[in-house]
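Below are the structure tokens for one structure; questions will follow.
Labels for the chains are A, B, C and D, by order of writing; each one numbers its residues from 1.
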Amino acid sequence: MTAPDILTTEALSVTFGGVRALAGVSLAVREREILSIIGPNGAGKTTLFNAVTGTCPPTSGRVRLHGRDITAKTPDEVARLGVARSFQNLKPFAEMTLLENVLIGREIHMTSGMAAAILRLPLFREDEARQKRRARELLAFVGLEQRRDHLARNLTYGERKMLEIARALALEPSVLLLDEPVAGMNPTETGFVMELVKNIREQGITVVIIEHDMKMVMGISDRIYVLDHGELIAEGLPHEVRANRAVIEAYLGGGHAPAH
Amino acid sequence: MFLQHLLNGITIGGSYALIALGYTLVYGVLKLINFAHGEIYMIGAYLGFILISLLPAMPPFLQGSLPLFLLVVFGIAAMICSLYGFYLEKICYRPLRGAPKLTPLISALGASIFLQNFVMISMGAKDRIFPQTIGMRAISLGGVSFTPLQLTIIFSSIALMALLYWFINRTRLGTAIRATSTDPFMAALVGINVDTVISVTFMAGSFLAACAGVMIGLYYGSINFTLGYLGGIKAFTAAVLGGIGNVPGAMVGGFLLGIIEALGAGYFSSEYKDVYAFFILIAVLVFRPAGLLGKRSDERA
Amino acid sequence: MNARNLRHDLFFYLGILLICVPFLKIHTLYVLPVFLGAWGLRRFADFAGENRLMVTLRERTVNSVLAHRRVTVGLILAVALLIPLGASDYLIEVFTSVILYAILATALNITVGLTGVLVLGFIGFYAVGAYTTGILTAKFALCGFWIALPLSGLAAMLCGILLGIPALRLRGDYLAVVTLGFGEIIRIFLTNLNGLTGGPNGILGIKRPSFGLFTLDHPRDFYWFALAVLSLVILIVARLVDSRYGRAWIAIRENEMAAGALGINVFRKHLLSFSLSAFFGGIAGSLFAVKQGFISPDSFTFYESVLILCMVVLGGIGNVAGSVTGALLLIAAPEFLREFSLYRMLVFGAVMIAFMVFRPSGLLGSRVIAQEIKDRADDGP
Amino acid sequence: MKKLLVVGLVGLAMVACTKKEGQEGAVIKIGAAGQLTGPEAVFGSDMLNGVKLAVEEWNAKGGVLGKKIELVPGDDQAEPRQAVAVANKFVTEGVVGVVGHFNSSCSIPASEVYHKAGIPQISQACTNPKLTDQGFDNVFRVCGLDDQQGKAAADFAVQKLKVKRVAIIHDKTTYGQGFAEEFKKNLGTGVEVVAFEGIAKGEKDYSPVVTKIKSANPDLVFFGGIFTEGGLLIRQYKAVGGTAPFIGGDGIMSEELLKIGGPATEGTYATFGPDTKEIPSAKGFNENYRKKYGEPGVYSVYAYDAANIILQSIQKAGAADGKKITPEIRAIDYNGALGHIQFDAKGDVKESPYVVWKVENNKFKQVK
């Protein structure tokens, strides 16, 4: 019996003044699955993430998490419900240290109130210590632990991508949406990220990835959806999608034999 | 009585509109409120005062005909004021072009205070009084009385607005300004020198503010270095009322605000005259930031 | 300095002289030394920037100061406590004003410095606090100072929330102008509500606070009381900054969208910092009312708001110690240079521009610079 | 380095204040406080010159109690916080008597500081009754009060001009509004107040107010405030076709009113003290003042007399100590430039003759 759906969209569409970025997309993400969404540039992949996380509310259609309707929720409500995301164009808190960046992710799990913070009560100290410990674990998980007190501004491009993943994991999400996690990375880094994603899935987190790097997509995805011009044109296991005529035409513009 | 209030409102509304155009033009191009624009208006008024008090030293043909003399005064004051606008942009805004939102605002605030005190120290803190040159005799027509000066102010503000409208929509430079305000990045790509466009926008805004300053000086007869502070806020309210960034909007907003203030103070209570402008400002910003004519765009935080 | 950009500079400065002539007439020549000074300063600033010696000097001192933070704070507190013993009543009065403005600057810093939101009508909260105390203790004598003080803070906080709810949804410069409007509306209402606020005559005879029989009449006693309040405010703000609240605020300043995606309710955090600022502004207002004994609308003008903003900017945006230094410089210095009082605001304006262009992080540098230098130190040679 | 910078500065301030203020007792210090800078600086300099003249005359005759008199000027920039700072500065520098503060919103907070320090204060221009209502024994004034000035203006309007409909405007300052309320109180029943309007000081456009006043067609328009707003109101009132004459107080008694208002100010009335140019006792003062400082301001003579009263009281008290000087001032029977001056229990001048002036062909003339 296949695992129950954790996140589904029903006829989701988004239009920006006449331009239909998403046209009636309905897809289902199964629990503890690694799902990839691929498609040529401008196919509406990031718009899909924005619509799901409430960053830009959809014009029509429904988004459901564990069956509950979360369409009208604001980004912070969606995050609090356990859906974490990373951004295509990186958004680290440049003027804050790595530890502080991840601690922002821990914010919704913190319990100490203002009075406790001001009076430095034990409740506050324990809460902070606990969260800092968890944050350092996450930094270690992505291999950035020893530079925890450095400013995010001084990180390399690859390290910033890792920080985004650590920050998103700090929410202890049930679903992790990764927007082009390995774009611009060399093969060794890509391999590291692939291991990371597998690990995340081991911890019980469902992962949805938008990616162009076919080696990664084919390598670790359980299932793949293909988007083109805002519409779903294919769905299935990696090898099925690779052989699908419509997908090839979308990517290569028709008239080419599938690459073996 | 209503007509009299209306006439008062239109007269003051004309100068609000001229100054508001400065805010709208700069906002269009830089997406930034030019806090020091009120002071350019005040400097225009003082330049008008300096030039008019030089009347005796002027060549005879100017002394003879009043309209010609006034034209010369408006011209020179506007020219110098546009240079002030140019330097304001070069010194306070250009170095901060990419900086976070807060820094140019504070730098503009500093410029506003600097200019106010520069004029206060050089021209003295006391009110400066315009010599009585233009006919002040009140003519009354059907219960409404007005002076020839009021008429010249209303017509010249409309003429200046028409001039700006022509400049913005019919000249090459005007098109460059409009292009830059819609999308500075693309404008640069197609070869428009964005820096010169921004300088020209500041100079055009200052030109109009200077004319408004000279008009206000003539109409009220006495000016003071704090003229720019309240005038600036009122004009900004007019610009936002009409839809910040929208040129016709600033014109409509200016006249509208002038009339609302005149009627409000006339019929309710004049003690709260300034409060009306501030309430309108806050109400428009909160409920309809795009203003009356502006296009809906994501002005929200 | 090649020829082309020398010619450019020449035209640039000549143009400025030209537009100064109508106002300064023959005094325009005085402007020349100012330019030479500015030009020289600019060259020195570039030189100091690259020169190895200057940079390491700055780094070493910041390191030493950061290393034994406790000592420096203790030292400053000791000096502040001893001042009244040696100083004349006039100087104690001046330093009490410094303390009041330091509270205001620290309060404003929570909003401007931490969440990056420019508040221009901040004096409105100061006025609400002062008038609440004035009305409660003197005009209608409903309660003593010790009840009026918290109530003043709460009244200002309420205004902060009422203003914040609509205003905080707006973009930066819009929000700044709305708060400017708020400050002006408060002042106009204070001038016109004669029954409640005494209108232009203000409120008289506001008593100094007293502990049982002992009242704080002597400037020295009031100075220590104000110093205690300032230290408490700084302690609270510093501890909040070094907690989840401070981090959330700075994250919002850095990048609202990313903060939202991490589950932070951006609007509520903005409102929290805004109302906290307003609360401490109200407390400072209450102290001002009992210190001066008489309040009238002309003490709460727009210039006061600008003065406080200047302190925050000068001291270092987001840096608590910076705001206190800013208050010290901008209130104590003009008192000693009374004869230059005419040029006071002119210099403030120029300083604000200069700092924004050359050193946006202010005198003491924002928290970031210190942190960065520590980083480089950790990396080793 | 930065935190040390802070410590250094604070330390410097400490050192600066530990050295005692100059040598004690060799000089007697008199304070003169007012707005020496800002839009109304002209009132401040008039006051300062008046006090300077008195001090120089006494020093020429060997000072007082055998000691030189030193004049200490204080600039409150017409702002309450600065006024308190100036008052404290005087206390620290050992000033024994103060002439000043010009406007009420400065004089009142400063009077508390002088009261605590026991230093006598004589204001030359603060006409708001609240100053002496505070019950401080060391606070006096040589100028009239708003209630006396209000009554004089009301009596003139009712008895001389026989007006039936009056409009009242004030500039919402401590002085302007207080004066307008006193005028209204003294109008009595026969006169109808057709308008009572406040305007914002520093504004330029009063056309809405003057239009409303014109439509109420009053016989007389009262204005409580300073010449700047006064001139603008008169000018704009005539511009919208208003015909009733204006009446104001000492605030509008200045050449500036005629310049701002222009020809429209013809026929404007104003209440003020007797013409110091006419009273015989002020002849000496006018000549000496004109020699040193040019045309005397409206308040120079008041400041001159206030300084003389303090110095005469020091001489009678035999000691430069505020506590001893104050009773002497209270009991003084002084004949000076303004004529005969005595103080009542509260510290106000017993009788201050207010007369009405009128603008005739662009000059202020006393109405007989």
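By definition in this document, a residue touches a chain if its C-beta (ideal position, glycine included) is under 8 Å from a C-beta of that chain, and two chains touch if they have at least 3 such contacts.
As the structure is a computational prediction, the values presented were derived from the model and not from experiment.
The set of chains touching chain B and also touching chain D is given as C.
Chain centres here are C-alpha means, and the one lying farthest from chain A is D. Distance from the chain A centre to the chain D centre is 74 Å, each centre being the mean of its Cα atoms. Centre-to-centre separation of chain C and chain D, using mean CA positions: 35 Å.
Chain B and chain C have centres, each the mean of its CA atoms, that are 31 Å apart. Centre-to-centre spacing of chain A and chain C amounts to 42 Å, using the average Cα coordinate of each chain.
Counting only residues that touch two or more partner chains, chain D has 37, 172, 198, 200.
Listed for chain B are residues 271, 274, each touching two or more other chains.
Contact between chains, as defined at the top, is found for A-C, B-C, B-D, C-D. Residues of chain C touching chain B in their complex: 12, 15-16, 18-19, 22-24, 27, 112, 116, 118, 120, 166-178, 180-182, 184-185, 188-189, 191-192, 256, 266, 302, 306, 309, 313, 317, 342-343, 345-346, 348-353, 356-357, 360.
Only residues 32-33, 46-47, 50, 80, 83-84, 86-87, 90-92, 95-96, 99-107, 109-119, 121-123, 229, 233, 236, 240, 271-272, 274-275, 278-279, 281-282, 285-286, 289, 299-301 of chain B touch chain C when the two sit together in their complex. Here chain D touches chain C in the complex through residues 1-7, 9-11, 13-14, 16-18, 21, 37, 75, 77-81, 84-85, 88-89, 91-93, 104-105, 108-109, 112, 116, 128, 130, 134, 172-174, 176-178, 198, 200, going by the rule given at the top.
Taken together, the chain D residues at the contact with chain B in this complex read 37-39, 41-42, 172, 197-200, 202-209, 211-212, 215, 228, 231-232, 235-236, 238-241, 256, 259-260, 262-264. Those residues of chain C that touch chain D in the complex are listed here as 57-58, 61-62, 65, 72, 75-76, 79-80, 82-83, 86-91, 93-95, 97, 188, 191-192, 199-202, 204-205, 217, 219, 292-296, 298-299, 321, 324-325, 328-329, 332, 335-336, 338, 341-342, 363-365.
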